[in-house]
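What follows is a set of notes on a single structure, which appears directly below.
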Amino acid sequence: MTASQPIEYRDASAEVRAVYDDIKRVRKIKDVNNFWKYLAHDPATLRRTWDSIKQIMAPGALDVLTKEMVYLAVSVTNGCGYCIASHGAAARKAGMTEEMFGELMAVVGMANETNRLANGYRVPIDPAFKK
Amino acid sequence: MTASQPIEYRDASAEVRAVYDDIKRVRKIKDVNNFWKYLAHDPATLRRTWDSIKQIMAPGALDVLTKEMVYLAVSVTNGCGYCIASHGAAARKAGMTEEMFGELMAVVGMANETNRLANGYRVPIDPAFKK
Amino acid sequence: MTASQPIEYRDASAEVRAVYDDIKRVRKIKDVNNFWKYLAHDPATLRRTWDSIKQIMAPGALDVLTKEMVYLAVSVTNGCGYCIASHGAAARKAGMTEEMFGELMAVVGMANETNRLANGYRVPIDPAFKK
Amino acid sequence: MTASQPIEYRDASAEVRAVYDDIKRVRKIKDVNNFWKYLAHDPATLRRTWDSIKQIMAPGALDVLTKEMVYLAVSVTNGCGYCIASHGAAARKAGMTEEMFGELMAVVGMANETNRLANGYRVPIDPAFKK
Amino acid sequence: MTASQPIEYRDASAEVRAVYDDIKRVRKIKDVNNFWKYLAHDPATLRRTWDSIKQIMAPGALDVLTKEMVYLAVSVTNGCGYCIASHGAAARKAGMTEEMFGELMAVVGMANETNRLANGYRVPIDPAFKK
Amino acid sequence: MTASQPIEYRDASAEVRAVYDDIKRVRKIKDVNNFWKYLAHDPATLRRTWDSIKQIMAPGALDVLTKEMVYLAVSVTNGCGYCIASHGAAARKAGMTEEMFGELMAVVGMANETNRLANGYRVPIDPAFKK
């Protein structure tokens, strides 16, 4: 397998460039991350993924910082190295301090621990939490 | 395997009762959840887990609502049924509205999707995110 | 999807019965567990899985109790309800006491926690642990 | 921990060489992959794993290409870097085009997303899908 | 936490009904599954998820049956009970025979096994598979 | 994101040094691993994690070797590269031979396989294993 190579703006189709341009505009950055340059091999997935992320990560009932910290928490739980690096950066850019990062990791670690304690002890759901 | 049974307050040792009392005091509840009644079979783990959770989930650089939503996000990612039910309830008690829950799930779903896209395309970490 | 039904001994082919007989002989039990009765829908997988488990779970450099506790630890980490129930029973049959179960769960919980702390802090492997 | 080193053909025991020879014959390759050279430290696991894979990955009700794409989908979901690289290569060798790879990743990503939406919304199984 | 209740067609908003109608039209079914009736609590996620699935699961370089089997393989790996039930049904509807299901499970099981053997033996990626 | 840097003893606060000193005393080592040098950015988590690990990993109903092998089994299942390296080393230091490691990996691999077979075949828990 020759792994994919990133598709740079200068080599991209008009369809791909349109997505890159929108990412750069919304994110206020000069170049898109590797994630997008690899997805560009499948323009339909590139377009759909960006449209979804743009919609989901916009401020709403939850602010951007909370959303980025949740994204990071999921990525740490799944052990996705690329995502931990890129969403760690995004969370910091959105205002996550080192103290907030420390508390976030403490919660993520504890949740992963108690998830297994609940599994192992086969704890039944309390009637109050049931449907 | 005869699965463990929950240990109720009236049947608990003084050591276990002390933890139950502290949980009820801090959480302002009348009875502890099943999770603690099962962990009570191992008083050392009961004590250690409660002490850790009490410390970690207290308000700090992150508020309690954010922490509970992160806890829920991890539990959903791991598919722990008990934890989804109990921390869903805790997050709602801490102020999570249905609109916030909807956005939280959208972020958790999207993070789980892009974690795999990054894996599958073998996306290398951008130099800017490296050490 | 109408889910599969278990295949009981009286309804099984000679090929499946031969595996059931061998399981009952080695395990010294009167009837096989549901796991085998469902795998029996695919006799090749039934045979291969039993042959592998029989080989792997036999006492060797590790004793049977240690092997069953490791099996349980993996099943708890993956959240497989059936496997937690059946290998919890198997571990107890092999000699796991409640005190040992409590310590096992404590280790499993802690490992799941620190796995994520190592991910989140992006801890590089110490030179001493490298190849 | 000094990590294991690969065991090359010239240094392998007759038992290990017999497996290497069979892999090379069935796969029509000149040398076996690192995976087998590391498993060779445990000849029983080497033999059992190869025998199982040879049986499972042979064309049957499913063709080889479909099987390799499923293998890749699981490896991407688990985030196993080695397996993504080796089974990506195997799937391409079996005929996976870049367009097929793109659609495969889209399905894998979406499944990982909706698995968590189903968890988070605690969706009960429709009666039609029940046993 | 009072868990969400499904939103039936008669109680749905025009926005939600439009999605339900489209699902019923494309899938040629009389009522939508529970999954959609729960997502309906968040119309934006309902719409986005259906649009994505409709696009991704349509026949393309991969046929519908292959896509449904991959969806099932991921759901089995993640242990999502709802998704295993619903996509098992969908795969059967698309033509998966019991023999194909048996082979699919064999591949999924083996991939999950060898993913961990590769992790545990710390197998380095062969130069041929590298970028 | 500029990733965290390890905090060396000479640069550590008195609070952090006290934990480092205790780790070195209990573990009889000259310097602590990178894991602790990164956690040191959050002294509360450093202290709590070390106190928990010291309590959990001490010999009890289970000996240290068994505990380290279980830790390794979980880390291999989760695919945590750092943890596989460090707990592989710890298990070897506690007496794990290469033959034991080989059998451990065989059990971990098989458990990950059968966890998915049980999921995929939707095997119901035998009445004997139920509560």
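As written, the chain order gives the labels A, B, C, D, E and F, with residue 1 at the start of each chain.
In this text, contacts are C-beta pairs under 8 Å (C-beta built on N, C-alpha and C of every residue); 3 or more make two chains touch, one makes a residue touch a chain.
Here the structure is a predicted model, which means the values were calculated and not measured.
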### Task
Give me the chains shared as neighbours by chain A and chain E.
B, C, D, F
### Query
Between chain D and chain E, which partner chains are common?
A, B, C, F
### Message
Looking at chain pairs C-F and A-F, which one is connected by more C-beta pairs in contact?
### Response
C-F
### Message
Taking each chain's centre as the mean of its CA atoms, which one is most distant from chain E?
### Response
F
### Task
Among all other chains, pick the one whose mean CA position is farthest from the mean CA position of chain C.
A
## Note on the structure
Taking shared numbers over all numbers used, above half giving same and below half different, the chain A and chain D interface sides are different
### Task
Express in whole angstrom the distance between the two chain centres, defined as the mean CA positions of chain B and chain D.
34
### Task
Report, in whole Å, the distance between the mean C-alpha point of chain D and the mean C-alpha point of chain F.
27
#### Entry: Contacts with two or more other chains, residues of chain B listed in rising order
1, 3, 41, 44-45, 48-49, 52, 77-81, 85, 88-89, 99, 102-106, 108-110, 112-115, 117, 119, 121-122, 124, 129-131
### Task
Would you mind writing out the residues of chain A in touch with chain D in their complex?
1, 3, 41-42, 44-45, 48-49, 78-80, 131
### Footprint of chain D on chain F - complex, ascending
79, 85, 88-89, 92, 98-99, 102-103, 105-106, 109, 122, 124
### Task
Can you check the complex and tell me which residues of chain E touch chain F?
72, 76-77, 79, 81, 84-85, 88, 104-105, 108-110, 112-117, 119-122
### Task
Please give the residue numbers of chain F that touch chain B in the complex, ascending.
1-3, 44, 48, 52, 55, 129-131
#### Entry: Contacting residues of chain E [partner chain D, same complex]
3-4, 33-35, 38-39, 41, 45, 49, 52-53, 56-57, 60-62, 66-67, 69-71, 73-75, 77-78, 80-83, 85-89, 97, 99-100, 102-104, 106-108, 110-115, 117-119, 121-126, 128-130
